[in-house]
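Remarks on the structure that follows.
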Amino acid sequence: MIKFLIKGLLRDSHRSRLPLIVVALGVMLTVLLTTWINGVLGDSINMNAKLSTGHVKVITKAYRESMDQIPVDLSLTGTQEILSELRRDYPSVSWVERIEFGGLLDLPDSAGETKSQGPFAGLAVNFFDSRSGEAERLNLNKILIEGQLPRGPGEILVSHTFAKKLGISLLDKVTFIGSTMFGGMTISNYTVSGTISYGISALDRGSVIMDISDARKALDMEDACNEILGFNDIDYYDDAKATELMTSFNNNHQADNNEFAPVMIRLRDQNDLGGMIDLMDGVVGIISFVFILVLSVVLWNAGLVGGLRRYGEVGLRLAMGEEKGHVYRSMIAESLFIGISGSIIGSAAGLALSYLLQQKGLDLSGAMQNATMLMPGVFRTRITTEAYYIGFIPGILATLIGTMLSGIGIYRRQTARLFKELQLQ
Amino acid sequence: MRTFLTLITIFLMVPLFSQPSGKEILNLIDKNLSAKTQIMTVKMVISGARGSRTIEFKSWAEGEEKAFTEYTNPAREKGTKMLKLEDKLWIFSPSTDRIIQITGQMLRQSVMGSDLSYEDMMEDPGLSSHYNASVTGSDTLQNRKCWILQLNAVNKGEAYEVRKLWVDQERSIPLKEELFGKSGKLLKRTQLYNITRIQGRWYPMKVVYKDMLKTGDGTQFIIESIKLDEIIPATIFSKASLK
Amino acid sequence: MNNSEIINVKDLTKRFPMGLSEFTALSGINLTFSKGEFSGVVGPSGSGKTTLLNIIGLLDNPSDGDAIILGNSSKDLSPGKAALMRRRHMGFIFQTYNLLPVYTVFENTEFPLLLLKMTSGEREKAVHEALEWVGLTDKIKSRPAQLSGGECQRVAIARAMVKHPEIVLADEPTANLDADNSHHILKTMEKLNNELKTTFIFATHDDKVISYLKRKITLIDGKVSHDETVKQ
Amino acid sequence: MLAFKLAFKNLMGAGLRTWLNVFVLSLALFMIVFQSGVIEGWNRQAKRDMINWEVGGGEYWHELYDPYDPLSLNDGHGNLPAEIGQLCRDGQAVPVLVTQASVYPEGRMRNILMKGIDPSQNIIQMPTADLKVDSAVINALIGTRMAKATRLGMGDLVTIRWRDANGTFDAAEIRIAGIFHTNVPEIDNNQVWVSLDNLQKMTGIGDQVTYIILKQGLISVPTVPGWIHKGYDSLFMEIDTIIKAKGVGGIVVYIILLSLALLAVFDTQVLTIFRRQKEIGTYVALGMTRWQVVWLFTVEGAMHSILSVIAAAVWGTPILYMVAKKGFGMPKGIEGYGLTIAEKIFPAYAAGTIITMTLIILITTTIVSFIPSRKIAGMKPTEALRGKIQ
C-alpha cells in the first residue's frame, strides 16, 4: 500500500509538489529561526564564554573571592595534575589553561630607552598547540587587523587602538613589565606579530594576547595558571551540564580547605550572565512556540489544498466501493509521508543554511557603523540539538491535522452525489 | 628596595647622642650614620599569600639621591639592576637587555612583591632638612629606652606629612618609625632590629617594613654585609652601568 | 441581419485539445436567435450544448466560424470587451446556481448592478423588483446555504435578470431541482420572457424544460440535427 | 472600492482560516513592533539613564583629561573658567574632580578613582545629599557594583589612600554614607564619590576640577579655551553603535517571521483560488474581466494584512501597553563591558516603526496574494465554472 501511495505521490506532481514545498519551506524557516535566535542571542553569552568565563572554570578559592581583580598571585598551581584529573573525569569537555594578567607595555626608542608606555590587560592562551582550539575560540583570525598570529615564542598580539596609542608598529620589539605570581618583578621582550580589535572599547584600550608558554615564563608560573576553562564540545552553554559538572568536581574537592584549593564555577556565576541565560531560554521557547503555531496554520492550509485537490479522486474511489475509512486513512498516510519528507527536506535545507550561516556568518556590518566582537557585524546561526528535531513537530503534526480536517469532508459526502460529480468530470 | 633606601637615609641622619631636643637628636642620628657611601649585601624576605620568598641584592648608595642595586638571587632576578638618581628610577633586566624608566601607573606597583611600591622608592627622604623634629615623650622598645620623636614636614610635597621615630636614647639609632598621612592615618611602619657596631657606628642589621593598609607580615631586610665610606666610582651611578 | 436578430452563429466549430489529438465539440453550427425567443439547445451529454452556450456567452472562443452577439463578432472582442458585453447584456443561470456563498440573497442579486456602477438607490429598487419576480422578497437577508435548491436557483434567476439583460443563458438550470421547483422556475422564466422580452437560451436534456421551450434546437455530436419552433 | 467591499465580505465569509492567517500576520507584526520597541526602549532608557546619572546635558572636559588614561588625571584639571563657573553658581552645571586613589577593603589594595562632586547638586541623580550627613570621617558614596566588588556596606569604614597635588601620601578612613543604584556602570565601577570640597581639600588642589556636567536642556554652550565641550554625539557613540547592531540582528528575525506569515497567506491564496474556481468563473460570467477578478483576489489576500493590523492593534496594544508600563526584565549580562542597561526596559514604540512595518506587511502581503491570483488571468472561464482547473 505504501509503495502504491508513494508511486501516486511521485507521479502526481500536483498532489505532492505544493504541499511538499510548503512543508519544506515552513520547516526550513523554523529551523533557521531557531538556530538564528540561538546564534544571535547566544552571541554575547558565547563571547563571554570564549573570552573569559568558559562554560565552567576552575580557579582557586582565594581567586574566586576577588576575581574581578584577576589576582595572579592567587593562581592555581600544579595545573598539570588538575588538568589530567579533569581530562580523565570529564573527557567530553575541552579543558584549556588561561592566564589573565596585567602589566605595562613599554616601547623603546632607538637607544633602547622608554619611548612610550601603557597599562594593559593580558590574556595568555595556548595558541601553539592547535589541539587546544584557542585561536579559533577567540576568533583571532577574524579580529586580526594587521600582521599575523604569533607563530613562535616571544610573539604577541596587541590591540590595535592600544598599539596606535603607543605608536607600536608591526614587528616592533616591546617590553612587558609586570609582577610574577610571587610578586617579583618581571620584564620580558616580545615581538608584536599582529594587532587585533575586539570592538569593545574597554578591551581595545589596552589588550595583549600571548601564548601561555610565554606568559608562564614571564610570570614565573611553571605548572600554574589562574584559570582552567572548560568548554563543552558543542559550542553552546548548557547550564544543566555545567551545573552537573560543577557539583561533581566540587564534591571531589570538598575536603580541601586550603585557600588555593581548586574550585569550579559555571558561566552563569560570572559576569552576571545568569539572568542573560534565563532570558535567552525564555525567548527561544516563546519564539519556537509561536513558530510552531504559525507553521501549523500554514500547513493546515497545505493539507486542505492537498485534500481538496483530490476531491474527484476520492469520489471515484468511494464510487468504486472503497470504504470511507480506508480512503481517509490512506489520505492521512499520504499526508504523513508528505509531512515526513517535507520535514526531512526542510530540516536538511534549514540545517544546511544554518550551517552555512554558522560557518560563514551573515555579514550585516554594512548596516552598522562599525562592527565589534561584542556586537559582531557578522551574525551567525548556532545549530543546537533542538534544531535537528524542532522542524518535525510542526512539519508532521500540522500536515496531519490539515489532512484530517479536510478529509472529514469524505465522510460528509453522499455516495449518491458522487456519481453526479463524476459525471461532470 | 625603598625600605632599604629609607633605612640608609635614616642611618645617615641619626646622631649618636641622646638629648631631648628634636633637632639635636636628628643631628645625632645623622652623625651616627654619616657615612658618605654604603655598599651592602641584603637579603629581603617577602611574605605573601604563597608564603615567603627571599631575594638577595647588593647595593651601592651615595648620599640621599644616588642608589644602585643589583639583584643576585634567586636565578630569576639575577642580573636585574635598578638605578635611582634623584627623582628618576630605571630598571634594567638582563633577559630583555632593556633599560626601563618606571613612571606613571607602574609607580604604584609593589616592588618585587614587597610592602614597598616604586612610589615609596621615589621618596626623597632628607629628614633633617625636610622635617621639624620635636621630642614628644619616651618609651621602651626592645628593652631599650627610646625618645619618641615627632617629625613634621617643613614644606609641602613630602610623601609623608608626619613621621614618628622611636630613637634609642643611648645609641641614637631609631628602633621604629611610623609614617603618617596628612590627616594622621598610619600608613607605614618600619622596625629596626639587631643593632650592631660597624666601623664605629650603630647599624640595624634587620629591618621590617610594613604597609599598614595591607594585610600581611611585612617585608624583612636583613643586611648580610655592609661597608661604609668606601669610594664608589661615579660610573656606578650612571645608566651605562645598568647594562 | 434583421432588427430582431440578436445572435448569429455562423459555421461555428469548436475543437478541444485532448491529449495529443483533438476533440471536436461543435462542428459547423449555423443558428440565429431573435429578441424575445424562449429557446433551448437539447441533446444528450457531451453533444456540445454547454460549449455552444459558452461561446454565445463569450466565455469561450470558436475555433472556426463566428458568433455575432448583438452586432459584435466574437472574433473581434477582446476579453475586456467580452466582459463588458456580459456585464451589460447577458445573464447566466447555472445548473449549480453558482451563487456567491458569503453574500446574502440581496447582495448576490445586487452584484451585477455593482459592476454597472449604479447608485445604491437604483440598485435597491432593481434588486427588490427582481426578487419580487422570483418571489423571494422574504429571504433578502438569507445566505445561499440557508436556501433550498429551488430558492437558490430563483436567486440565480433574479441575479441574471436584475440588470434587464437582452440575453439569458441557462445551462441545465433544473438539473439539481425536483419537479415542483423545476416548474416553478420555468414558469418564472417564462413570465419574465413574456414581460421583459428577454431572450432565453437553455441548454438542457430535461424534459420538463423542453416542454416549456418555444424553439427546440437538437444537437447531436456537435451538429444541429433539428431546429424546430414549437407551436403552442 | 467594490473590490475592497467584496474582498472583505469574502474574507469574513471564509471564517476560521481567515482569522488564523490574520492572527499569524498580526503575530508577526506584534513581534516586530515589540522587538523594535524593546530595542528602542533600551536605547532611550540607556540614554536617559546616562543623561540622568552621568552626562546631564553634556560635559566640558579639561583638554588634558582622558577618562581611559589614568595618567591624564595628573594634569587633566584646571580652574573653572569664568563662564562655566557662573553656570555652576546658577545651578546650571556641576564640576567634578577626579583623582587616583587606592582603597583597602579587607587589606587588599584596589586602585580606584576618587571623584569629588558638590553634595547639593541636582544636575545628576546621584544622591549626593548623602555626602552631607554629619560624620566624623569623610563621607563617601559608592554604587552597588563597587559595593559588591569591595563587599562594603552602608556605614562601613574603609581606608582610602591618595596623594595630594604635591605628591604627599595621605590616607583616611572614609565612611560609606550612601550606596546608590544606577544602570550606568561608568559612574559606579571602581569609583568612590566624595564631596568636591573634601576632595579639593584632601588633594590641596585648590578650586581645580576635571570635568563639568551641564544641566539637561542647557542648549547654548560657550566655547571655552582649554576645555572641550562633549555633546551627546560623542558621549552616546558607543551605545548608538550597539543599539544599531541589536537592531540589525533583529531584522533577520523579522524577515524569517514575516516570511512564514507570508507563506501562510500565499498558501491560503493558492487554496482559495483553487477552491473558488466556480466563483471565479461566475464573476467572469457576470461580466467581470479576468484581471478584475485577479484584482479582487489580490485585494482579498492583501486584506489579511489590513485585518491583521487591526487584530494586532486589538490584542497587541493592551500587551504592548502593559509591557511598556510594567517594563521588560533585562539581565545584566554584558554590563561587565561598561554598557548601560537597565534591569527593566520599558519598550518605546515608535510610530514610524509601526507605520513602516505595517506598510511592509501590507505590500508584501499584496505581493504574495497577487502571485497565485495572477493565475486567474490565464484561466479559462468555462473550465473555472466547472471547477476543473488543477
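Labels A, B, C and D are assigned to the chains in the order they are written; within every chain, residues are numbered from 1.
To be clear about the criterion, a contact is a pair of C-beta atoms (placed from the backbone, for glycine too) under 8 Å apart; a residue touches a chain by one contact, two chains touch by 3 or more.
Keep in mind it's a predicted model, so treat the numbers as computed, not measured.
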Between A-B and A-D, more contacting C-beta pairs sit at A-D
Cα centre of chain B to Cα centre of chain D, whole Å, reads 57
Taking each chain's centre as its mean C-alpha position, how far apart are chain A and chain C in Å?
68
Suppose each chain is reduced to the average of its Cα coordinates; what separation in Å results between chain A and chain D?
25
At least two other chains touched by the same residue of chain D: list those residues.
70, 108
Among the residues of chain B, which are close enough to touch at least two other chains?
104-105
Residues of chain C whose C-beta touches two or more other chains:
none
Pairs of chains satisfying the touch condition:
A-B, A-D, B-D, C-D
What does chain B use to touch chain A in their complex?
46, 48-50, 53, 55, 76-77, 80, 91, 93, 95-101, 103-106, 109-114
In the complex formed with chain B, which residues of chain A make contact?
62, 73-74, 104, 106, 108, 112-114, 117, 119, 175, 177, 179-189, 220, 259-260
Give every residue of chain D touching chain B within the complex, in rising order.
70-71, 100, 102, 104, 106-109, 111, 159, 161, 163-164, 166-173, 202, 204
Using the touch rule from the top, collect the residues of chain B that touch chain D in their complex.
104-105, 108, 119, 153, 156-161, 179, 181-183, 185, 187, 213-216
Enumerate the contact residues on chain D facing chain C in the complex.
2, 9-10, 12-14, 278-279, 281-282, 284-292, 380-382, 385
